[in-house]
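Two complexes, one shared chain (subunit A), two partners (subunit B, subunit C).
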Partner chain A sequence: MSRAGLSLDRLGGVIAILIAAAIILGPFSIYRANRIASGDARGIMFALPSAFAIGLMVLSMAIALVSAFVRALAARLAAAAFGMIAVFVAMGRSADFLTPAGNSFARVSPAWGFWLLSFAFALLVADALTRLRFGPWERLAALAVAAITLALLLGSGAWNNVSILKEYATRADSFWREARQHIVLALGSLSASVLVGIPLGILCHRIPAIKSAVLQTLNVIQTIPSIALFGMLMAPLAYLAATFPLAATLGIHGIGAAPAFVALFLYSLLPVVANTVVGLDQVSPKVIDAARGMGLSSRQRLQQVEFPLAFPTILTGIRIVLVQNIGLATVAALIGGGGFGTFVFQGAGQTALDLVLLGAIPTVLLAFAGAVILDALVDLAKGARA
Partner chain B sequence: MIAIEHLTKRYGADIVVDDVSLDVESGTIAVVVGTSGAGKSTLLRMVNRLIEPTAGRVLIDGQDTVTIPEDELRHRIGYVIQGNGLFPHRTVAENIATVPRLLGWEKKRIASRVDDLLNLFQLDPATFASKYPHQLSGGEQQRVGVARALAAEPKLLLMDEPFGALDPLIRTKAQADLLAIQRRFKTTILLVTHDMEEAFHLGDRIAVMDQARLLQYAAPTEILMRPAHEFVERLVGTAERPFRLLSLTSVSRALEPGNASGPPIDISANLRDALSELVWSGREALPVSDISGATIGKVSVAGILALRREQP
Partner chain C sequence: MSVFSALLRIALLALLVTFIAAPQVFAPVFEPLTSHGAPAIYNQGSLVALTLSHLWTVFVATLGSIVVAVSLGIFVTRPSGLEFLPLSRTIVNVGQTFPPVAVLAIAVPLVGFGEAPTLIALFLYGLLPIFENTLTGLTQVSPLTLDAARGMGMNARRRLVEIELPLALPVILAGIRLSLVINLSTATIGSTVAAKGLGEVIIAGLQSNNTAFVVQGGLVVAMLAFFIHDAFRLIERRAGRYQSAQASA
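So, the complex of A and B:
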């Protein structure tokens, strides 16, 4: 029976089904006697104190109803955001609840019910934000609010008993060191590729003869799998380090950060160069003719007209590279380059899923934040000219 | 004065402009007309050296343009193209300020010049200065394009089909505005069009081009009465010829003593307007009034025909 004013929202309906499946079918937490023991999955009713469990289920069903039937976007956004916080707090509570007092070996990890529920709420948040058509500043503000909320929740100690944070607790120092290394690898190689790629793109645009050669070479590099590229770079860099002591003092070795950095740099070049070329090619010939006709020199034309008009397209290339590099930097750990990949591969080696997640989750969050920030910058660069 | 002397442009074996010579008196409008591909744009673009001539030269007030550095030459010559080529990332005011800024004018002087030009083109500075080109109508964009070309007070203005993208009503208005501004600043204008009507309306002299060659360069009446070439005759259009001729002749030429009934026509109108009015109102004659509105005579169908009989 549907009353007037209540109509089913398609995507909202699917999200509601996901929420229902997560709380009814899904195990919420997994209990392990130690970090590599096999797990024992617990549904919500057995993962939380019963009052808490019932509260979470009722709240989730209420949000599912909002998702399916309520039109007001602000209400949908508020419900979803509240749900995110609630499910996050509940996970921390479940870890406190399931961990026997004084037992420091036991591990409580999120199970797929938790992930599905989080995913459904995140989808609802994303959907509401999209439909609200937020401008770039509002999206950046939303990202900041989300980051601050996450930091406060983690800082409050609510998750201290959750397995991933237990892995963190035993290696807090190396976590931040690898985080810094990850960012240095991703952003450093990005900066290098911007510094080299934009001038190279401008050159390709101005000298059509070299354009296809450059783009094809970069295209071929892109198709080399990352491990293979790391391998290919190890030999020449090792040779460099062995031949020139200065190179070694500068930290250039066959293994470690240097080949990873160079590989990420090479991967980054194609999107930057290609988008620079496309952006410059897109500038209307009339605009260029007018600029020439008014007596702008070749350099003034580039600085005042062509580059500003191509800039949003170039930023789109930089966005691609940023997200790609944050992901690819994970692989650097394989050749001793550090970064979050260190935890992923250690965890995989020890079959410790929590450790894998300690590397993987920050990587995903970082890539997501990078994408949101650069999307906003692209919009800002397009600015008033729309 | 600009003197175009034996200008020629070849691309490989193709001759695009073939030995064209013509002079444009200071403060007058010369219109280059011809079908698409005739070489009009190429001729125009050789004047500000956007295209280097294969042979021949251009003198501006006696000075050979090759002796002036390219960019400097272009700062001194206004340039307007079809679809205006405004910078989409710059506001109207910034667009207009382009050349003055390149010339290093003071901020104050630029700002007051931009305001003056906006007012001149009936664009309220308070509303329009900070708009972006995409926020303007086609007619407004076109006016900003012309304002931008005039910003640094050039003595010479080159216009390549400047009104081509406008719909007819706005085009007529834009042509009238251009004439008014040209008379005020005494700018020398070289304008390219494929529209014969526009050529007759704007040109003090008309240059007819076909297949890279200049066929005739003369005053509009001359082009009408004595086409130098069969192509010119066809371009002028045999059927429209009488009306074009009438539109070039002032009512004062056919003024007769006497009076007539009905609303009067202004002495400054042309005979085409007078004939239209005669036919439309079904009258034999119209009273003619001067600026003060006083009737000073009449113009009649018979008088217009008699005038034509007197002409060679």
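So, the complex of A and C:
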């Protein structure tokens, strides 16, 4: 690999082409007279005040050049992060610019030029981060910086005229209620599956006779489509609520969060149990022999030797479950279980993209943040073991 | 596979086919799940037609994913595409945090209701496991093997077709299996946006509060997934065995 300052980076070249396509060909925002009217796409020059538009184009071209020719990773990362912030600020500015004063029906939403530009910058950020080979703490710090930047951007009101936030403004209360519900569903079922799954995994490891039966049953559960499992659980839970008043007072009903919670719990069991078994099976017999030689009892061996050694693998299972649960919890909305899926399905029903995005974007961000955090924890656990 | 488990599978398959072809036969089984004299068996369309269109949607979408994902996987593992390898891994990792439902719902306002958003969502979501496994399969081929192939005078193309792809095949097949099973399940959600498929049965059940429909739709999809999963495991094992036979020859 040449270390020359200026040589063509082929991946960066592709990203530069994406950036150029986004600003030259792509409409930057879409103006609509109301939330479901058909839109009128505007290129950058017509979506922003001229000075701002020219500034954004010059900046984007500069970043494209950095992407194609500059090898220094820190410079690439800084340019991409700066571009990302600029394109988001520009979107907010475009919404202010295009919305007629005092008109509360008009909607300005991002068009594909905006999305492509953001995607290109995100690729550049991702590429720089990948090549920098950040350790777990640095990755967590990067996530925190990104989260704080996003919070500042949204908190500052810069995006208040953008259609997605207009959808949010009319639903601010229900948004946070559904957000809490989504997190409770995803994390609550995850905790339950960890509490049940790890002991079950240990049992499977100790008693090989039940191992294949348990794992196969859990495998079959995973193949049941989510809406079907949610639906199937409605019947027994409705029966439970009708038969035992206590169940009903505990909030167990046929319709609502209870079947969703149980279904997510059942889906979560397989990765937790399977990874516990794999993790424990991987512990070398020599290590266990040595522990036995040191006079450790079976229970002490499990607590002090086997479990700590298997922990990173178990954590990997938990990471799979976390991401899977955050995604699947959207389906809960179909059976009245709430969560971000409420907006997703409402929006799909009305073909209102902004409303879909109001549900989908937080879900994706949550899942992404969960994946980054758990990946970092897995690396830390591996490091602690080594 | 033992005789017992083979017989069990044949019996289950026969049960599934009978159910799809003549669901009325099973009415007494589902009777207890209904209330107020609601129909026990889905009566708003033919299960055969729904099953076929469900499978067709999944098949077309997954075929598209296979072509694109395997080609991309081959590209980023060639010397000319190596620069794209680290970023592709990152994209796969990030992409898999996208819930399939979100992809489906975002497609609706863009392309309208019906089959199209489901096909797009299944295609996109199916790409990731296949691409990831193609990468894993192709990068784990030992450099020694490739050196030996080079020493035998094989050019890059023959090395790919005769050595690398066959060695990576079981892992690639595992990725395709994962995509198919996920897609079978996700396709049911497609029925919320008016795609034809077994999701219709489940949704009809949810709307009319008829658990019998929900269970029927769910069981048929789950059994289809089970058999596809099973069949692929068999093919993967064959592919693996073929490999070891080649290696020892």
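Everything below uses one rule, namely that the second predicted complex is superposed on the first by the 378 of 386 C-alpha atoms of A that agree within 3 Å, B and C clash if a C-alpha of one lies under 4 Å from a C-alpha of the other, contacts with A are read in each partner's own complex, and residues count from 1 in each chain.
The rule is simple: a residue touches a chain if its C-beta (ideal position, glycine included) is under 8 Å from a C-beta of that chain, and two chains touch if they have at least 3 such contacts.
Since we're looking at a predicted model, the values are computed, not measured.
Greater residue coverage of subunit A by touch, when subunit B is weighed against subunit C, goes to C. Of the two partner chains, neither subunit B nor subunit C is touched by A:A53. Shared-chain residue A:G347: touches subunit C; no touch with subunit B.
Of the two partner chains placed around the shared chain by superposition, subunit B is the only one that A:S284 touches, whereas subunit C remains out of contact.
Of the two partner chains placed by the overlay, only subunit B lies in contact with A:L296; subunit C stays clear of it. After overlaying the two complexes on the shared chain, residue contacts for A:V214 are found with neither subunit B nor subunit C.
Of the two partner chains, subunit C is the only one touched by A:P225; subunit B is not.
By the document's definition of touching, neither partner reaches A:A146: not subunit B, not subunit C.
Subunit C meets subunit A in the complex at residues 33, 83-84, 86-87, 89-91, 93-94, 96-102, 104-106, 108-110, 112-113, 181, 184-186, 188-189, 192-193, 199, 202-203, 205-206, 211, 214-215, 217-219, 221-222, 225-226, 229. Residues of subunit B touching subunit A in their complex: 48, 50, 70-75, 79, 81-89, 98-99, 102, 132-134, 145, 148-149, 158. Residue ranges of subunit A in contact with subunit B, taken from their complex: 284, 286-287, 289-297, 300, 305, 308-309, 383-386.
Across the complex, subunit C is touched by residues 9-11, 14, 123, 126-127, 129-131, 219-220, 222-229, 231-232, 234-235, 323, 326-328, 330-331, 334-335, 341, 344-345, 347-348, 351-353, 356-357, 359-360, 363-364, 367-368, 370-371 of subunit A.
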